[in-house]
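In the two assemblies presented below, subunit A is common to both, partnered first by subunit B and then by subunit C.
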Partner chain A sequence: MSGTVKPGYARPLDLKRGRVDLGHGGGGRAMQQLVRELFHAHLGNPWLAQGNDGSVLPPAVGRLVMSTDSHVVSPLFFPGGDIGSLAVNGTVNDLAVMGAKPLWLSAGFILEEGLPLLDLERIVTSMAAAARNAGVAIVTGDTKVVEHGKGDGVFITTAGVGSLDDGIALSGDGAIPGDAVLLSGSIGDHGMAILAQREGLGLETSIVSDCASLHMLTASLMKRLGPSIRLMRDPTRGGLAATLNEIAHQSGVGIEIDEPAIPVHAPVAAACELLGLDPLNVANEGKLVLVCAAEAVDALLAEMRAHPLGSEAACIGRVREDARHFVQMRTRLGGRRMVDWLSGEQLPRIC
Partner chain B sequence: MKYIDEFRDGGIAHRIAARLADESDPGRSYRFMEFCGGHTHAIARYGVPDLLPANVRMIHGPGCPVCVLPIGRIDMAIELALKHHAIVCTYADTVRVPASHDLSLMRAKARGGDIRMVYAVDEALAVAREQPEREVVFFAIGFETTTPPTAFAIRTAAAEDLRNFSVLCSHVLTPPAITAIVDASPDPASHAVELDGFVGPAHVSTVIGSDPYARFARDYGKPVVIAGFEPLDVMQAILMLVRQVNEGRAEVENEFTRAVTPQGNRIAQELMDEVFELRESFEWRGLGSIPHSALRIRARYARFDAERRFGLAYRTVPDHRACDCASILRGQKRPTDCKLFGTVCTPETPMGSCMVSSEGACAAHYTYGRHGDDAQRGAA
Partner chain C sequence: MSGTVKPGYARPLDLKRGRVDLGHGGGGRAMQQLVRELFHAHLGNPWLAQGNDGSVLPPAVGRLVMSTDSHVVSPLFFPGGDIGSLAVNGTVNDLAVMGAKPLWLSAGFILEEGLPLLDLERIVTSMAAAARNAGVAIVTGDTKVVEHGKGDGVFITTAGVGSLDDGIALSGDGAIPGDAVLLSGSIGDHGMAILAQREGLGLETSIVSDCASLHMLTASLMKRLGPSIRLMRDPTRGGLAATLNEIAHQSGVGIEIDEPAIPVHAPVAAACELLGLDPLNVANEGKLVLVCAAEAVDALLAEMRAHPLGSEAACIGRVREDARHFVQMRTRLGGRRMVDWLSGEQLPRIC
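Here is the complex of A and B:
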């Protein structure tokens, strides 16, 4: 859109009282206005401003890493974040744990007719802040509107591209018996923060989601101690239990963890107890699991703890030989048990 | 939080374990059944078997509300959703129980059934108030613990004259199930296990008290120790059982005095009695029909009884032929004795009821206990 034609006759979007209607997804002027006054206004960057069907990006150094993630969290706003920050951080973290530097994101929005524009603005503002914080640009996007009752406010899909320096090859199959398993902080905060917001649970708690971008933490770890790191993961849906099982299966090893070593904040533990959930199965959105050579544990822990997102970092276990690829845990009681994937879906719409 | 940690302290656990090792007689074996799924879960989740002497064996009982629900009752709930287009509200674990025609409530939901997972019956009442034009049925399951809230909900619905709310009552009773287990004559062909005592239910006993267990001690000579749901409670109860056996006593003891009294909760009992009456007989999955072992809604509250309201009929549906749940619930077999365990039957694809809830014997073993299987099965 060239700037010579003045859209003087168009009333600006009524962000205070306005709501998304089907016209906002119709490809006409209403959609143009939404894109311009809301998305571009907040997410503005030279690539988005090109206004073409696709954004032309400069060449990146090193190999490219690409990842995508859809977000359907309910409620849209929760203590510690919202669907916007979640959508940005989720994809940024997927790139970061590959050892990549996140560069560009795309964002696809499915809006439900009736969504207050004020809510949408809040979400987009929060995406912009999260993107700025992560040093990424949202370079292309799309908006569709579905009829009232066919969506739930807003769904957001982001895809991201990052660059990977030569020599970095982190992969889920890299764990070797004898390695150590490190965790950057407490588990279960995100999932329980969401659940506590849901109606009917009667949970009055102070739990705050850990939704955060891990790129700074992973970058400093890779820079200082990269060669001793076998792999990194962010334990989101399915919790720490799912992530450890994935690692064990991909690497063809067993893992043994120590329950007392795993940080769980008291309100999270109490809420899990009440609802019969195991914090090991509850989602996180800003935690890092790292497998490293045993001799690097102290150095890596010190480096993690020096970072605000890693202040509670702990060594929670070790990799061992096990043809069955089991994850086992020494319980607080001193017994031993398996840690399995959670079967079924006890916590829908958590991210 | 402090309260919780106190009951999971590793140091105390080791002291109890040491006493157990010390006091158990190596010349004999001890076989105790924990009746409750909650205990099964605590034992498995905290790795309690690791802390017991090899000759003290815990057998998982039938006290998992989801596991004992027969297929026919799930079929009734599915019928309500798919045929009568009612909103069916139920506890989360229930939706995964396999039913007839390759269905479950979860699959019925995928076929358009309006099935809602709730944490409490109040949520079902709220749905009924919000959608007066729809029929709302609460699929009520569970032992004496979950029964008083259901009774209260029915009374509330009556007081509010809620005309679109009803309950598919599948509440069952603990003492008759224990009777069925101790009555089952040991059949040598099925490797019957003679039980040496019971860890009695925690929450159920807060409602019914400890008195109803007296006859298992008196008439059957089985010690009963009522225990809380914390792993240390269970370990302490096991130690108390070992001592009773060693001393030749059979008594009802109460480890859970912080919550259980001999008479239980009178108010809750009266509430249940006002709304419910005994069924002649009820089919338990795995245990078969047990007389006077379940509750139905009294005639004066008939309009809240989904069975009457929708004219539902119960139909017995046999379990998968190879499923050994029946023997497992009676303590005669272990999950690993079942040919389907861990292969055809897993928590993702449960063939029998004990694999459905995390409190079920097979699911608890699959999720928490498989690491010990190689030792048990030898080289297999």
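Here is the complex of A and C:
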């Protein structure tokens, strides 16, 4: 607790040496101060400034899309991002791959007693930058504090609302035999960046997370070539393998991918080799999987490659009839193998 | 992990003896199974059934209201509710007191490894009942798992979206000197129910949380007497004292309340006495504070009392001019005292 304060006067938060304590979650003065001097100071916008139990937002045109993600990544900071940028981009991307325009986010913080306020400030600053970059506002929030040993630094749950233009209907059940499968770039960067940081692998080449907001890329693809797009997904937890298996099951089809066509950066491939991991199972946080009509492949690839987040885009496979809904891969050596999703957990707390 | 499963065949979740493991958060088969057999089985609705990264919702009429709350209550189960009903009602109430019609909720679960699946099922069942009761659908969700000792059973963050009819503008800055302050019923029940349960106080009379959804009460008040209502609030963390101080500061007014007018149930008063707590600082989860024009007091009280959640409604005070924004109380003994909000935390993890 910050001690007793005279009405009308309070010492500012000690952002340099201060730590989160249970008082910051108590609904009293200490919490008000944290909200004002840290959250509002960085995330400030007219909606948050309303200061009520909920934020009043303008009417949205068209259908809405709503999504949520809880973030428990460990460590909190990693090359290419942190839990703050991840929490914003994760939810923005869930809206973007539905074809929606991301509009508003909420953020619920569960802080562990003892978290340095400096770390929290760094995370909130990063959220603010990610939100600005994605063109969304964090319009409402909540802060809770749990005792030391009952949490792990900070968990952040974001929920997002976007608007969906008339006529857009992207869904995991939209893939049709004959369709092509496109990927916006290399796989495995996020998961291996986290793992290298966590385990102190001391890999010579630093691997950087691909954590990014995909909404500009998806918006330009939808605008130019929307009718040829069947569905979009961001291959996060479970990696490309889990995403393709989900699509195969939802659409009731098989998928065949070509190993040589799938971009994997050399340091990621090397780290996976070293640890016995398959890049197909490793999480990404700024990649797009897109299923489209075969005749639109060239145009969509050109459009993707014109965007910084799609410069390594490739056509990696096709959708086939298959009553068993198998995902299979033609390997570099000319063979074929099943691409299964894992039963459980390969890399815990990657997002 | 549930072990290797043959494609197309999986043992059902062992809800009787099973526990959450890291595999349930891994994005693979185990997570899909948990989502399908537990979350979808209880919360099922057409939006959740879309099975995509986000849910597509119909257009909403009018302005939107968005709110979020993270829930870390300990213990998870208490007389009158559990973390599941709390997570739904908490966010529904934040929308309701803004004058909005609650429509859709998202739910992000952070599970601790080792949580009995039976507990999780009980919580999700309770969320489903609370959502049905409040007329809202849980349209999208997320599940993460953290290692044993890095969480505390389960944390649930809900976000909610509601629609706001034209002309409604309730805000904490709406109180005017001369206005009356109404309270829908007794205070302190939720906080003392949690505390009694947590500390094993062995109080003779069991205290039951007031955890409830206020949206039907607020809707009927708005419909019948909307123009005379300045603002509504639900006095949760920090209790009635914190809520009144927030209103006084936002509106730039003073507030004077009458101790004898404030309903406190005898067992709550006794438990507070025993523990040296002030019921004014204790959290509520199903109470409404309403500031209105003085001439509407009788009509609003009658309308409140006609509703089961407002049967003990009372006029507890009035808004005054006061440049210092003090909240003061006329005590039972005829004196006056300041009603301050606490600096920090009186009762941690009450919601």
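Following the convention adopted for this analysis, the second predicted complex is superposed on the first by the 336 of 351 C-alpha atoms of A that agree within 3 Å, B and C clash if a C-alpha of one lies under 4 Å from a C-alpha of the other, contacts with A are read in each partner's own complex, and residues count from 1 in each chain.
As a convention for this text, a residue touches a chain if its C-beta (ideal position, glycine included) is under 8 Å from a C-beta of that chain, and two chains touch if they have at least 3 such contacts.
Only a predicted model underlies this, so the values are computations on that prediction, with no experimental measurement involved.
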Mind working out whether A:220 is in touch with subunit B, subunit C, both or neither, as first, second, both or neither?
-> neither
Is A:343 contacted by the first partner subunit B, the second partner subunit C, both or neither?
-> both
For A:45, select first, second, both or neither according to whether it touches subunit B, subunit C, the two together, or no partner.
-> neither
Mind working out whether A:147 is in touch with subunit B, subunit C, both or neither, as first, second, both or neither?
-> second
Between subunit B (first) and subunit C (second), which does A:269 come into contact with in this model arrangement: first, second, both, or neither?
-> first
Greater residue coverage of subunit A in the superposed arrangement, subunit B or subunit C | C
Figure out whether A:133 sits in contact with subunit B (first) or subunit C (second), or with both, or with neither.
-> neither
Scan A:164 for contacts with subunit B and subunit C and give back first, second, both or neither.
-> second
Of all the subunit A residues, which ones make contact with subunit B and with subunit C?
-> 324, 340, 343-344, 346
Partner subunit A, residues of subunit C touching it in the complex = 1-5, 7-8, 21-31, 50-72, 74, 93-95, 97-98, 100, 104, 106-110, 139-147, 149-152, 155, 157, 159-162, 164, 169-173, 233-234, 236-239, 242, 250, 283, 324, 340-349, 351
Name, in rising order, each residue of subunit B that touches subunit A in their complex.
-> 1, 4, 8-10, 13-14, 17, 44-51, 92, 96, 106, 118-120, 122-123, 126, 231-232, 346-348, 363, 366-371
Considering the complex alone, what residue numbers of subunit A touch subunit B?
-> 200-201, 260, 266, 269-270, 273, 275, 278, 324, 326, 328-338, 340, 343-344, 346
